[in-house]
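One chain, chain A, links the two complexes that follow: it is found with chain B in the first and with chain C in the second.
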Partner chain A sequence: MGLTGGLVPPVIAATGFGGERAMDELAVIASVLYQFGTNAAFLLLCALGLIVILGMMNIINLAHGELMMLGAYTATIAYQRGMPFWLSVVCAFVAVGIFGAILERLVVRRFYGRELGALVVTWGISLILAQGTLVLLGPFMPAIPIPGGNFAVGQYSFSGYWIGMIVVCAALIAALWWLYNRTEIGLHARATMQNATMARALGVNTDRIYMLTFSLGAGLAGMSGALLAPTTSIQPFMGQQFVAPAFITVVVGGAANVIAGALSSSLLLSLVKTPVGFLVGAFWGTVVLLLAALIIIRLIPDGISAAIQRWLERGARVR
Partner chain B sequence: MTDENKKADDVTEQPAARSSQTPGPGLKRRDLLRNVGVGSVAAGLGSATYLQGLNLGRMRAMAQDTGPVKIGFIEDESGNLAVYGLQKLHAAQLAVKEINEGKTLKGDANIGAGMVGVLGKVAANPPVISKEGTALDVVNDGGAQDKADLVFDEDDDILIDSGEQGVLGREVELVSADGQSNNAVWQQLARRMIQQDQVDVLVAGFASAEREAIRPIVDQFSQLYFYTNQYEGGVADANTFCTGPVCEQQVIPTVQYMVENFGPNCYTIAADYNFGQLTAAWTRAFIPLVGGNIVGEEFIPLSVSEFSQVIARIQQTNPDWVMTLLVGQNHHNYYPQAAAAGLKYPMASTVNMAQGYEHKRFPPPSMANMHNAIQYQMEVPTGRNRAFVQRWMEMFPEDQYIGEMAQNTYFTIHLYAKAARLAHTTDQETVRRALELGWGIEAPEGSVFLEPGTHHCAHPIRLAYCDEQHNVSFLRDWPMIQAWWLQRLGVNLIRNPEYKQYVPDEDPYFSFV
Partner chain C sequence: MRILELIGGNEDIGRGPLFWLPFALVVAAFLAAPAWLTEFEAYNISFYLLNIPMALGLCLLWGYCGVLSFGQVAYFGIAGYTYGIVAGNLVGLSWGPLAGSLAGLAAAAAVAAVFGYFVFYARVQMWIVPILTLVLTLLLETFLGQTAGYQWRVGSVQLGGYNGMTGIPSFQLGSHVFFGFSFFYYVLVLVLACYLGCRMLVNASWGKVLLAIREDALRTEILGYDIRFRQWATFVLAAVLAGVSGLLYVQWGNYITPTQVGLLQAALPVIWVAVGGRDKLLAVIFGTYALNWLNYSLSSQGNQYALVIIGGLLVAVMLFFPRGIVVSIAEFLSPRRRRSA
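Right, the complex of A and B next:
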């Protein structure tokens, strides 16, 4: 083992200067960090669109998976027409966002305040979207190759694309934070969320805010679908695989603060899942994830973000 | 001939393909047939008595039946398993069309479930034996036995005239229904087909869960039933004929090849349900016999679709190769994700590629270095298969692929028609007895033999290999592998009718080492 110990940079370690044990330790640390990041990014991407709609509008959107599917389809079609991948992702955001706005105008707005009605109608929409895609576009689409190569640290190798996704997730969270806290629309949206009647009285066009929020949520779902598209098979029913992780993340995160909720719950759930999944296996990783969600919801029924909110408020009062 | 086929033909261990191009040398199956001709005539006479003595009264009743012969057919045409079900439906439609046009596949009951041949040294010409005396002197040895060849003949043209349109002068009708990938729907449809439509034979079933859902209904009405899927094995049911390959025919060749070529250490990832568990158990039981061992084994819930942790665990163990027994659309994501993470381990499987054509659906190199011992997939490089694919694509020009079970369904329906002709009736009990004579049928995959006692088939097995560009070649041929496990357990459905599925726990083979 060399004098440099754990500080050996990966490239040197990989070429054998750093000694075997230092390299092994570094490789394991890098691998665990990578797994933690990918698990969190996956949960966050699944949840992002859903939490905007649920947190802001209290609509339980069961068509969330199908919106992600539409995003993946849009990106795939755009990519096959020769568009670069990043542009296809933007395309998916815009297209599904517009689709969300239309959906809100035509259907969803008739169900505001009727949570169960909204639940059933979005479920119906999800069935129509999935089966309609099957009828129109057939059971399969050719997949998008995963961009971004891979690199190795010791015996572990990592996908460059997932590293990119972690960065994109961080950027999305930052952008959402900026939108909600630094723009006028964000201010109006938060006002509408806290007290719609009062916001209306103060001149906020809540109708427009609802449409924009639903559209933003749908667009984010579409974008997540597009980002996850290369890692998955593009099929009409592909959305279903994202629905369960999305709802778990959103419910654990809570709706008190959309951004803090999504971020903290995906990080916390990944923190629980990663070590167990790595040491014991994917099955127990999933079990522990569900168990953690169960315990958190039992202890903090309104989610982590509400707990953070309370803690911040208490801090403010003490000061 | 496409490039990949050429490549496959160039591989030296390609006896089946090679022998079809060199007519002449070696003892041919035709000769075998001729040699056993006397015996087969006797068997034929015997079989006629065996069948016709059975139930004359019912036969007369059936003779008056002039309606169509009804083939009940349930597959998943929508839902999660539609990718397989649609292929199987088309296969059934093609077979029914051919039967009604007066065609049949070669093959007979008169040699029973025999063997086709073996790989051996052959001379240029067959030896000539002196007619003098009883010493059997060789007059001409046919030249030096200087080349290895398969004592086996594979005709390019397996579709021949049946001598009638339809079966027994009646038109064949396909009564098909969509199981919707839903077990409850399957049960409902099975009842409807048996009781209301009164089908003469039922051909149905993709997932083992679907088969097990309808088998009690099949047994309740003693319905003649064909299950055409590749599956985990063990079904011993007097009413059920399983025409797909099972674990002992696929797992063992695959594991043997992988250990010989890549090393002893295997990491298994398998779907966490009946099929994955049992196939992994076969791998675990067999691998010590060829000097390998399992260094890691993980059963993955069907809901998992994000594999970075599974990939990290495999890398941590650093095996020589990975056995992937992954089922369903969530699991298929493993391949592109592993490829993107730079996982380069050779892979083996018994399900992927041949059924859901993942090598065509995912961009290269997701399936690179995949090995699967299959009995059929569309790329099989023989003349008879090319003719079959051409016939299929003429009827269904939109189709992308013909998978393992689609081909099974195709030859199974032809097999039923042949058995009904021999039985001179569609009476189910008599046709079942006709099938239990043991059959050899020439399918697109090669010669298939229905073993009467266990109602399972011996298949030719080929090791399919997928390269970096997702081209397919066949690395090794096993001309015939028996479905021997039920035989080993002493199952004989003719003497002792049973209606159950055996599991590996009932056999000490699985705790041998």
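Right, the complex of A and C next:
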């Protein structure tokens, strides 16, 4: 991750001429911010592909974890063949994106408008993918070493790779925003999302939009899997560990606005998870995520993004 | 008389003597089966049967009420573990297993009641329920998995982490301990009671309201029914039925591990119900029995394709028989269809 190089030195330089105590305080602040940022980046990466598909097509893709697993496998195989890491990640994006397009053509397209049916059928697909990978490729894959190295601020040590992930997340969000708001495909996609029948009447090929969206969501899942691959052990059932964070983020974010939902939900949940995970442990951090999700949906049943959307529309009407 | 009327009602497959006669014959065959089965075979059949209450609960919830849950195994596990803890601490007392069973069902119902309150009283969109129940299941598995070690014990019972809880007492009434053939009969009676009870429920006015909610929630609400309460109550009932299966499971094998509430196990009830036919109780019973038999036959031969085959079956059924295999066959055979054709 070449991007991280530019980020690191100013922090250390700033601590250089403070006293010992200021240095410690700065280190604590940096550590808390780092924890918060990495948690948010993790949640966002887990959920992005899922929320793109949900927001556009009202389809919950329960094979999401397995698509991430496929991305991790693709990246690992590419990396073993000697590709640089960033190119392996791109490979994972493209390969899983193509796989997603095939999946949409063969299976998913028959379930538009039948949310629960889509949930069940994608779960069947996830079983086939996970167990099929186990049968074909065996239970273990060699790990990818974490690129980027470590650096220290005060007594805390930080991973350059995770800092890079935060930057990548920001870039992904910006790219998605650009795609949805500044390109013709994005315009057609938003039209389809608002009113598919009307969009079709105006000449938008909604069928193609659905395929592209599913493919994009799958590709993003594959890319997230590849990006998270160095941080975890790579095995056929690795997708399971992403299921809980991904779905909680999506439930809290809601489907009304893809970008606002994913971003606000992962930031808010990270705000809840970071202190608990820091003080009590990672498992209780996830428990608190579920509790927070239950309370948030009790207050805003359709998710934060719907609340943001309502607020934006009210603002527009006043103007 | 009223009871017979409810059992014979038309919200499930089969009416009239043409159905009930073969039904009675099948039940009689099961009752007589120990005459020619070995104890080992009866033990296996007990296992296929004991999953049926959980599937019936999911059938009520998904097929009749339109609410899908992926977390039925969570209530299965909660009831099983609670039974293990309570009965395990009351070893030697003849009423211990009975108290454990009641505690297990109460625990499953309590968790479902709290969880269901947040979900149904928020009127969330229907795709959120399966997702959150799935997350609940995953968290329960993770929690139980890290309970290894001596500090994780309740009274004299250790939770046991991924090795699970072992030495759970069998069910007992008075001085009679149920195992072998007597356990087989015990399961059979419970499963039959659950089926007939569910059948009465769906034919009663309560069941008609559930169907109305599935067809059009808004309309039902405008007609004056509190759909939040109905959905919540059905959710709790389904959890109790899953709890019955959980109790039977720990009384059958005398152990339980966190794998029982894992993601792969969570998929199974949904598959049984979808393959059988989610909107008919009897179809779900057939589906559950057949798939448990299939799964056992495949995996006991060490066939690693078992999950691929079961997953493939689910996808194929959802694509080509969206109403379920048994329901499709029943429709094909039903005299009403021939008359209208």
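One rule holds for everything that comes next: the second predicted complex is superposed on the first by the 297 of 319 C-alpha atoms of A that agree within 3 Å, B and C clash if a C-alpha of one lies under 4 Å from a C-alpha of the other, contacts with A are read in each partner's own complex, and residues count from 1 in each chain.
In the analysis below, a contact is a pair of C-beta atoms (placed from the backbone, for glycine too) under 8 Å apart; a residue touches a chain by one contact, two chains touch by 3 or more.
Here the structure is a predicted model, which means the values were calculated and not measured.
Peer 1: Here chain A is shared; do chain B and chain C fit on it together or clash?
Peer 2: clash
Peer 1: Output check: A:Val121 vs chain B and chain C. Expected answer is one of first, second, both, neither. What do you get?
Peer 2: In the superposition, A:Val121 contacts chain C only.
Peer 1: Taking the superposition as given, does A:Phe283 touch the first partner, chain B, the second, chain C, both, or neither?
Peer 2: both
Peer 1: Just to be sure I read the superposition right, which of the two partners does A:Arg110 touch: chain B = first, chain C = second, or both, or neither?
Peer 2: A:Arg110: touches chain C, not chain B.
Peer 1: According to the stated criteria, A:Phe214 is in contact with first (chain B), second (chain C), both, or neither; which is it?
Peer 2: neither
Peer 1: Applying the document's definition of touch, where does A:Pro230 land relative to chain B and chain C: first, second, both, or neither?
Peer 2: first
Peer 1: Contact-wise, after the overlay, does A:Phe85 reach chain B, chain C, both or neither (first, second, both, neither)?
Peer 2: neither
Peer 1: Just to be sure I read the superposition right, which of the two partners does A:Leu134 touch: chain B = first, chain C = second, or both, or neither?
Peer 2: A:Leu134 contacts both chain B and chain C.
Peer 1: Between chain B (first) and chain C (second), which does A:Ala244 come into contact with in this model arrangement: first, second, both, or neither?
Peer 2: Touch partners of A:Ala244: chain B and chain C.
Peer 1: Chain C clashes with which stretch of chain B: 272-280, 344-352, 398-406 or 434-442?
Peer 2: 272-280
Peer 1: Starting from the residues of chain A touching chain B, keep only those that also touch chain C in the other complex, and list them.
Peer 2: In chain A, residues 134, 244, 283, 286 are touched by chain B and also by chain C.
Peer 1: Quick check on the complex: what are the chain C residues that touch chain A?
Peer 2: Chain C reaches chain A through residues 62, 66, 68, 70, 115, 118-119, 121-128, 130-132, 134-136, 138-139, 142-143, 146, 263-264, 267, 270-271, 274, 304-305, 307-308, 310-315, 318-319, 322.
Peer 1: Once bound in the complex, which stretches of chain A touch chain C?
Peer 2: 58, 60, 107, 110-111, 115-117, 119-121, 123-128, 130-132, 134-135, 240, 243-244, 247-248, 250-251, 283, 286-287, 290, 293-295, 297-299, 301-302
Peer 1: What residues of chain A sit close enough to touch chain B in their complex?
Peer 2: Those residues of chain A that touch chain B are 28, 31, 34-35, 38-39, 42, 134, 139-140, 142-146, 148, 150-152, 155-162, 230-233, 235, 237-238, 241, 244, 273-274, 277-278, 281-283, 285-286.
Peer 1: If we count contacts the way the header does, which residues on chain B are in touch with chain A in the complex?
Peer 2: Against chain A, chain B makes touches at 78-80, 82-83, 86, 272, 298-301, 303-310, 312-313, 315-316, 318, 329-330, 332-333, 336-337, 339-343, 361-363, 366.
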